[in-house]
Every structure is written in structure tokens, then in C-alpha cells.
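Below is one structure, written out as C-alpha cells; the observations come after it.
Just so it is clear, A, B, C and D label the chains in written order, and each chain counts residues from 1 on its own.
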């Protein structure tokens, strides 16, 4: 626990010093006026990061998974039909959750490594003349495969079909790191957590609900109390919380949104893209391939890297940790052993990224893969130099 | 936010330095072996604090409210009958949650300030020949009224009736501060949070389930995923977690149980009793009365103090905060304006308690109540001196 | 180390949370431009706290004692005559240091509990026709006796005699807590540390030098390198430091001056006076006496309290620590066993002060002194209530 | 201040998390028994790190420079002759300090990049028949040039000449990182600081004095108070300190020695050697040269790297900071512009080192130096892989 090596899992991220300190505060009297001075700026900051002017932001002491549950239990009822694409572990789990809550999920199975097929959704929605489908569930960034789907295209599918279903988006590993346009894309519920783009410790589910989603809250007949949006809303307006709020994490959220907005969202996104592209150049140099099937699917927060057939990718992850004290992500479920993942989101710098790339090279070489030492580093360096040059030009 | 005055709300408590540091750690790779070295000692420590050798301990990134929801959604089914006493806000809220989840709650309404009427429960249970009642819900310590109920007596009521219902206990503001004997009392589900007896920031629901409760998990037909005990159990055994765990808080929980067990649970309880008794002596000296109706009901973690009729107790709380920077608890729901509450749980010392008593005196005097300055302090000092003398004798 | 009881030694003080965090920062590259952004605002802030527009501020990684040494070694030469009053341990030690450095100290011995006798100094200075006396050394606040001397009167003595000697003032336990007017009082060297009015951990000697003192630096023939003001000045101007600077503490100093100036120096002084007066009321209520002989000598940062003859005051200090976990100050040198000291400087609040007063009462009562429990607390409460009332009026 | 890039200056080092926390503690009553429980283990730990059983360890709230001053002012007298080698900035500064304190320094000027010439010292000592030389001053590791001298050989020179002079060693950038054998090498005074091998913030001068040095303390006629060893010794034995001690830093020192001893000093040294060798392999790959003239002089804590003639090395340092947020060390005095320095001491890992090497490559390439990207990284990786392999074998 004492090494200062960066961590390269796709969340929780490395926590910036200033956020460590924002979270680590003495006990706040959550029934005093002080609490509202933490909560409301945090909520307002999240709105800006989600690019929404009209959504309600609700924060639960929970995780992204709890955010999903809040999304469906507040707005849907047993037997409701929802449409979802399964293209990785996290989309799979959300589908599973829906089924466990008695929803009727129309599953579009997609190859893992591919994105959400908006055209296929459009067909299904067009065919749903009676509008039985109440919601479309979309995972913006599949953390398991490093695939970013096109949410605007999903919105387009809904619009093309003139379908009134709500659009629920899992933005857990995208919001705050990659462009997310809640209002423009007509997202009805957006879900994320504290430990990804917001660079905080885990412990918050952050949910945005459009006016349309808020209307549906009254109709939802799935039981819920802890995740009940109505209790939250009524307490927030009085500067309160329906139960004991995690004031430290909320103070961290307030500070994290300030950090992101001070840097400028577009700069934050460009930084993620630059670092991600450096990692991708390294993968190319290693003559390996991403799980993501096409460049337009490449995620800027996590890269899932396929290893040669017959080689167990888990060995890379285990060896990097044991020999070099560096954590990468393993492949999950059907990708177990087939990919390893490099998380590159949050406050990572180019310099930190290079140490991750260098470590991956050593680990692969140690295990006999034909990876030339320094090759991925050099490819990433070349890219990062250009990025630094560009940043210097821009500042000048 | 910069004053170092202690806080006297009945949770979250003042956080000891060592726990601040245990929580505030760099990101842990929760899929590495490191995580199990945090999780398992934390779970084992909780077992000892709950005095159970046979329960499973499950920890959710949530709050006590989430713990209640986990208790009922994992073990009960819509329409199930449960028996519960309403004698304060928190028991009231648990009942409300049950109703919102479609349970049929047999409510025993009790005066706020009174405890759970075990004899009345015994009658109801004896009358339930067909054993329709699946669970008895008991709030060990009503935080709203400062009333501790006798859980052993509730168990006695079940046993006397030969009734197989499970016993669910809300120990949120008792566990870790007052004696709690999960196994001896035959508690099937015990619920608490991180921010009371464990002295941590909010963010963890901590739930203990007896073997009998674990058996019922398979039968529960209330939908749940985030709070599903089965997912937790299957992941724990592999050193994992079904979603991103709050590793810092869990490390805090590990450390908190070490602190409590190092001090010795009986010493911890005696310390809470000593400080609580000091507060009660002060209340006597002020010629005020506790909300708790009889000495055997007095809570050692929070005292709700009735103010003279016609006086708004909220003024004391607001004034203490504004004029002296000290937080007390307000009265809730039907006690709003009628009581103010002094929380005295967690790492509070006699010395800190005296500053709270002194502040309450100043606030009451400022607002025109006939409280003699120094009177409550002197009464508490007298008691604390005896306690210190006893502690010295014992150490010698 | 885990209790959150306040500390009542006359420095180091309780450290405010925000200063804990300002000091605890990752390593700063002290040869980068970042360092100047810490150093220069810290120096500017100190100037304002010392009320000087013309002094140079020099900060050494050292303590107040080091600051004294810097004062004399930079400006004086072996055999130089200085005039100093000995009225407590700290003035005694400064004299001793001068003698160990080969200075010829004209000592005015004053009863411990009394202040600097400006009239006596005036006589000596007037008699020194040949101006052999190069500097007058004055301890603004004798931490050992709780006596504040009148520095303006010392300046008056110099002026009355038309004497060119420099005026060196030990403001270790006054600057930042009590009014200190470097320019107005014609102070040539002012010395303090980080751990008193600045509320930081120990580790910084903070020295202000008037233009006149700076001129004398060239002439000083006492050897010094670590404490050489010339090396400091030449490095500061380039944003540097002659050796590795304690960047965290300097960042703390920057933040501490911001805190003091944000509150307003006069408000800071009034707060110290209010709390000190509360402690003095308690001493009266206990029918004990301060070491300080007259009200105009009373220190607002520390009170030395005489105990009845024949009683060993150290027992109070030891007992308060052992039985109640609270630290007070002992009597030093000739006051050992005769007084105990309550430090009341820094970020102490009225509420924290009351817990110290209450603890002192318990300790004295435990040891058989005829102190009525609650009596001192009540006297202080009465005073603090007026203070709070006044603060409310002012804010309204 | 928010990036988590490692720092590559040759001290202060990156501070391990556990030491950040050990230093950042609430105020300690330094006159209570608690203080001795911090101080004495810290002193004992330092003894073990210095490999001495007989020395007194004295810790001043100061820096290494203060440690030098303590060494000479406590043991020498004006006019005393000392013998010293000047082979870099830090040896130069110590000589300058001696001269400013009126000592007569016999200076052996050595090329910067070379070590202490033990044979030359032997000649001078042999020629000093009347034993006028009272002390030999030796800089174990010249931080400015990355040169480690052979202290055992210096001892050999003294012994060969049968000369009774004391041996004073500046171990600021060696102790705790490279082998240092105070007793075996007959070192009379060893000096270091908190911010190098002990990985703490700056603020402590740590001085070890042999019995022979302690004897000379009585005879030293240089004035000193702050740095007086006699005051320290007499206070330490009572668990005290002659002035306000920096308790947090001392607690950090206690913890740092525990960390070093737990890892095992030989393992600590091997780790530094391994990382240093990786950096040296990178320098080779870049076709550049170290300032250190021969392999036996190579420092394991800092490498000073010569740049091609005509190129200003400061540009690399400035560019790395501006473009990539990474701090390296500049060349000092006569090496200014000719070298840049990579510090590789303290808690640095191989992985962190690689990010520094990669950054240096980018910076040099950006500035037009003929450095192939990835070349130095690959050379270091190759070395680190062997090291990791060896560590795995050893653990198996």
C-alpha cells in the first residue's frame, strides 16, 4: 500500500491530492446550513459536466450499480418492456438487473468489442407500434471492452421511429472524461459514479433525470425506498437529505466539478483523448490489437488489449502486480484471459501513462511475448510530444 | 468548517484521527489480493463487535437505511406480515419502508419516549397461531427519543410464544457503543452503519445475518440487485465485491473494529455509560427531563431533552450553532420543537462532553430558560471525577 | 494520541484543519517557480501581521530560539553591550544565549510576574552617554509568567534618552494573537515561531528586520552561516532559498496569514482577549491568583496561575493529563511547582476553553484544593455569553 | 501542485503515504511522556541506519546545512585547522561555512566529477606532524556531481598517518540510501537531513557524534546555543528538548527508520543501486556521459548527466517542467548549464524511474538533441527486468 506507482485499472482512478483533501474532512452537521453549501454546488457542478440545464441531479451513497437500480426502480413497473444491447459485462449486468426486477428485456446481443447498433435499435423501435418499450438502455462506454457507443445515434433511432421510450444511459466510465451531452442527446436518465471521471473514491451513485424521467417517477411501481428519487428531491429543496449523507464525498464531488470546469470540459476530453491515443500507439507498436473493433469505437478511458491466442492475459495482470507493483485490469466474463485492460482516465498524465506502458512491456516480455522493450513507449512518446507541442502553441 | 469544536449530533460522530487516516488512502485495486486483506479482517472485526460467531456480515456502500432495505428485500416477499413497534422516527421510517415494499406491517404504536413493549409483542405472537408473522422488527436504540429497548425481552416474547418469526434489529445507534449480543439474543438480522459506534464517515451499511436469515434469502421474492446478499456472499469468498467497493471506508471499518476490540468492548460500553450519565446528571441539574420515560430506557448514545412547554427547542439548536459553533440534534417529527438532543457516542471524552454541556447551558440561558450557568457542568464533573477515580483504581 | 481533547499548553497550539492540510503537501521542487508562489505571499502576509511596511521578513527552518540567535549573530559583535530585562524563563534564556555568544549583557532583574520596567531602562539608557549599548532586548509576552510588557513604553525609553540602540523584541507568544506594531513601536528585530499565533506545527523561526537592523547586518562579526540573513535575502529575491526550504510549513505560513487577515487582526486580538478574560474570570472564581502582578500585564495568550503555598502545581498538570487526557503547562525554573499554565492562543474557541477550565477544576478538586466544581466554568460562561452577544450585535 | 507525477530532484524525495501521515499529526504536548515515546525510538532507529552502536544522535529542527554548522561549532575553535576536499557545490559550501566561522581550511581542490583523493589526504596528514589538523571533512556523496567518495579510504588515510584528527562526514544524500558504516569507518560526526534517505519533508538536521566527538564538545569555543549539543543531550535524557521540538517530523523519523529497517538496509541499498543502474543504462543508451568520472564513483542516489558541449542543460530542466510537469535537478555553480541531474533516491520504484527516463528523452528530443525515443527506457527496462527476476528468485 506504500508504493506511489500510478494505478491503471479503469476506475477507481488515481485520486488527485486536492480531492483526497476535499473528501477527508471532519464531520459535518448534515442538518445545519453548512450542508446545503456543499450539496447544491455539487449538484450544479454535475449538471454542467453532464451538459444539462433541465435535469434533476440526484446523488445516492452507493455506486454506479445503485444508480442503475435507481434508474429502473423509480420509473418502471414490473412487466415493463425495455430494449438493451448486450456488448460487454456492464451492459450484461444491467440487463440482468432488469430481469431480476421483473422487467421484460428485449436484448440485442452484439459481439463484445462492437458498439450499440443504432440501426438495429431503429428497426425494433419502428416495429414496436404499440410503444410497449418503455425505455432504451444504453451503455455509453463499455468498460469491459473499451468500446464507446454513439448515444446521439441511439437518440436518432428513437427519433426516426417517433418512439416515446425513455433513453437511459450508463455513463459510468464516460461522464467527466469523454463528451456527454445529456440535453442535446435527449438522455432521460444518465448514471455515473464518483470513482471514474470525477476522480473520487467510490461511494456515490450520481443520477441525472430529465423532466420526462421525473414525470415517470410517479408511475413507477417497483418498490424502493433507499433509492427513491421523490424522497431525495423533497429533502434537497430544504438543504437536507433523506438519510445520513456522505458529506465528505459530496464535498469531493463539489471540488471535482470545480476542477473539471476550471480546466474546461473540452480540454479534459482532449487530454483523455491524447493519453488514450498514446496507449493505442503503443498497442500498435506491440503488434497487438484492441478489443474495440473499429477506430470510431475506441474508448478514451480504457483500452482492452487482446493477447495472442493461447496466451492467458491474466498472467500479464498478475505478473505486473507481483513483479512491478502495478495494477492493470483483467478481462471479464467471456473476455477473461483474452484481454488485459489499461485504464487511462481521471487525473493521469502523459508521464504516468508512460510508466504504465513501460510496465506492460516488461511484463509481456518477461512472460515470453514477442514485445520489443521500449517500442510502445517510443510510439506513445512520439504522440505525447506532439500533444505537448500543440499545448505549448495553444498557450503561447 | 475550521473550528475544532466537538460535534454533539447523534451521529455521524467526531472521527478519531486514526480513522480519518485509515479511510483516506490512495486507490486500492479492488481486484487484487490486497483488497481481501482489508475486507476480511473488517468482517471478522464486525462479528466480534456484534458478538456473533455464526452470522454472515455483509457490508454495502450505503447507509443504515440501505441496511434496513437489504434486511427486508433479501428475506421477505410481498404480502408477508411483519410485526413492528413505532416509538420514534427511525422505527416509524422502517415501518414506512416495509409498507412501501408491500409488506403487511402489524404496527404496535407506542408513546414516543417509551420502549418496545415485549409483553404486548408476546400477546400478538401468541395469537398468531398460523405463524403468518415472518419477522419482528425492533429498533434497539431510538435515536430520535434516546430510548434503548430490551432486545433480550423481545427474544423472550418470541420464545415464550414458540414463534418462528425472524428477529430483525436496527442497531444503528447502539452497535459498537452499547452492549449488543447477536447470538445470545437470537437476532436474525442486525443492521448498523459506519458513522455511529464505528466512528467513521457515513457510507457503509453493515448487516449481520444469522444462518436462519441466510436460509430465508433464497425465498425472498422482493426484487433487489444492489442489496442482494447472494451476490455479496459469492464475491466475498473470492476476496471480491459485486461492484466497486469503498475500499477506504472498509479499511476504516477494519481499523475501527481493532480500536474497539483493543479498548475492550465492555470498556467501550462503560465509557459510553459514564459519559451518558454525566449528561443525564446535567439534565437533572437543569431541572429538565429526558424524553425517555424510565431509567431502564435511557440510551447511552443520545439524550433527547424535553424543554418547558411553549418553548421551541429548535431555538436552542440554532442558537448553539450560530453563537457558539456547536451542533446539537433537533427533535424530529412529533418531537420537533419539543426536545433537543445531545449525541454522546463514539470517541467523545468526558472533557469534550463537558464543553457540550457548557454550551447547552449558555444557549439555554441566552434564550431565557431558567438554567443556572455551571450547574449541569458541575453535576457532570462530579460524576466524571468518580469515573476517573474508578479508572485510576482499576489501572493501579 | 487518539483523543480529540484540545491542548492547553502555551504553544504549540491546536492546529486548525485547514493548516494541517496546507502543511501536508507532496514534495515541492524548491528550485521551480512554484516555490516563489509559496514563499513570497507568506513573507508578505507576515509583514501585515507584524504591522510593518518596511521590514524584511526572513524565515528559517528552525524555532523561536533560532530566531533569537539569528537576531544577535547577524547584527552584533563579540563584546557588544546589550540591555535586557529578565522576568521569566524565556527572557532569561535569551540573556543566557547572548552571554554564550560573548555579548556583554546589562541585565535588569525583575520579579517574575512583573513586566519590563521602561522607566528603569530609560535611566540606564540615559546614563549610557557613549552609546555602548547596541541593542535593547525585550520579551513582549513572557510565556512562563503570562506577562505582557509594554513595548511602546520601551520604545519611549529609547526615544527619551535619544539613544540609538536597536530594539529587539521576542514576540514568539504574542505576534498573531496580540497587537504587535513593528513600525509604530520602532522595533528593529521581531522574532516569532510558527507554532504560536500562526497555529502551525513547530519548525519555523520568523524574523522581521527593520532597515536599521539590515544595515547592521554588514557589521556583525559573530560567525553564522545557517542563520545568515545575507544568504537569505540574496536567495529570496531570486525565488530561492540558501538550502532546502520547508515548503510545506511555508505553505502553511502563507495560509495562516490569509486566515488571520481574513478574520481581521483586530478581531483576532479581540477573540484572544475574550477567551483570556474568560479564563481569568475562572481563576477569580477559584479564588486563585495569576502570576502576572497587575491587570495591565495580563497576557491574552497564556495565564500562569499560582496555587496555594505548599501545594505542588505540577501535580495538577500531571493529574489532568493522566486522569483526563488534557495537557496544561507546568511552571518553569523558579516558578516550578508554584504555578500551572493554561495556554489560550491560536484557534481555540470559547467552547474549547470551557472544557479546559472544567478539566482544571476537576483536577484541582481531585487533589484536594478547595475549588468548587463548575464555579470557574460559570464565571467564564457569563463572560463568553456577553462576548457572543456582542458578536451577534456587531454582525447584525 | 495537483499532478501526481513523481519528482526527480535529488531531494527532497517523493514522500511515501505512510510518512505523510506520520508527520501530519495533531499537536503533541512535548513536555508530556508521550514525547519521549516518539523521540527515543527515532534516535535509536537513526543509530541503526547509521550503523553505529556508540554514537549520540542529535536532531535539530533545521536542515543538513544546520547539521554541518552543529558539527563544527560544537567541536572546533576559531583558528582550528581542518582538511577538506572541494569536489562539488556541497563540499564547497561546507568549506565556505568553516571559513566564515574562522577555521583555517586546508582545501584539496579536486575536479568536479572526481571523488575524495584519499592518497592525497594521507600525504597531507602524514606531513602534519604536529597534528594541527583537528578534523577532516568529507562529503560522502556529492549531490551536485553524483559522486560517491570512499569514506573507508579516508579513514585509512587517517590511520596510515596515525593522525588523531576527527572525521566529519556529510552523509546528507547517502545515509539511508547507500551503505554508511559510522562505527566501522571511524566516523566522528555524521550529518544528514530528513528529506533524503529518510524520505520526509525537510526540517530536520540529524547528527551522529562518536564518543571522541562528544569529548571535543567541551573544548569547542565557537559560540552556539541553538545548535549546542550539550543542551540537547541534557534534555534528551529527561525525555525533553531544549526548545519546541518538531514532534510531527520526529514521529516521521521514527516511522521512516522503521520502514527502512523493516525492508532491511541491505535491501534498501540494493534497490537504490538497481534503480540507479537503470538510469545509468539509459544514459549510455542516449550516448551521454555522467559527470562522475569512474564507475566506482557512481552515486546510487543522483546522476548528473553531461550534455553535449554548447547545449544549455538548464533548457532540459525547464522544458521538462513546463511541457511535462516533471522536475529534474539543474547543474550548480561551475556545472550550471553543463549537466542536468536525475535524483533517484527514497521511495522511488523502477516504474516511477521509467517515467522519469521517458520524460527526459522527450525533453531532449524536443530540444533537438540526438536522443532516440524509447532507447533509454529500453535499456533501463532490460536492467529492471533482471532485477525483478532476481527479486522473484530470492523470494521463492
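Points to keep in mind about this one:
As a convention for this text, a residue touches a chain if its C-beta (ideal position, glycine included) is under 8 Å from a C-beta of that chain, and two chains touch if they have at least 3 such contacts.
Please read these numbers as outputs of a predicted model, since none were measured by experiment.
If you take chain B and chain C together, the chains in touch with both are A, D. Each chain gets a centre from the mean of its Cα atoms; the one farthest from the centre of chain B is D. In terms of their C-alpha centroids, the spacing between chain A and chain C amounts to 54 Å.
Rounded to a whole number, the gap between the C-alpha centres of chain A and chain B is 35 angstrom. Inter-chain spacing, taken between the CA centroids of chain A and chain D, is 46 Å.
Shown for chain D are the residues in touch with two or more other chains, namely 1, 4, 14, 17, 25-26. Interface residues of chain A, counted against chain C in their complex, comprise 17, 21, 25-26. Chain D meets chain A in the complex at residues 1-6, 14, 16-18, 259, 322-326, 347, 349-352, 354-355, 358-359, 361-362, 365-366, 372-375, 377-379, 381-382, 384-385, 388-389, 391-392. Of all the residues in chain D, the ones that touch chain C in their complex are 1, 4, 7, 9, 11-15, 20, 23-32, 34, 61-66, 68-69, 73, 78, 96-97, 100-102, 193, 195, 201-203, 222-228, 242-249, 321, 327, 329-330.
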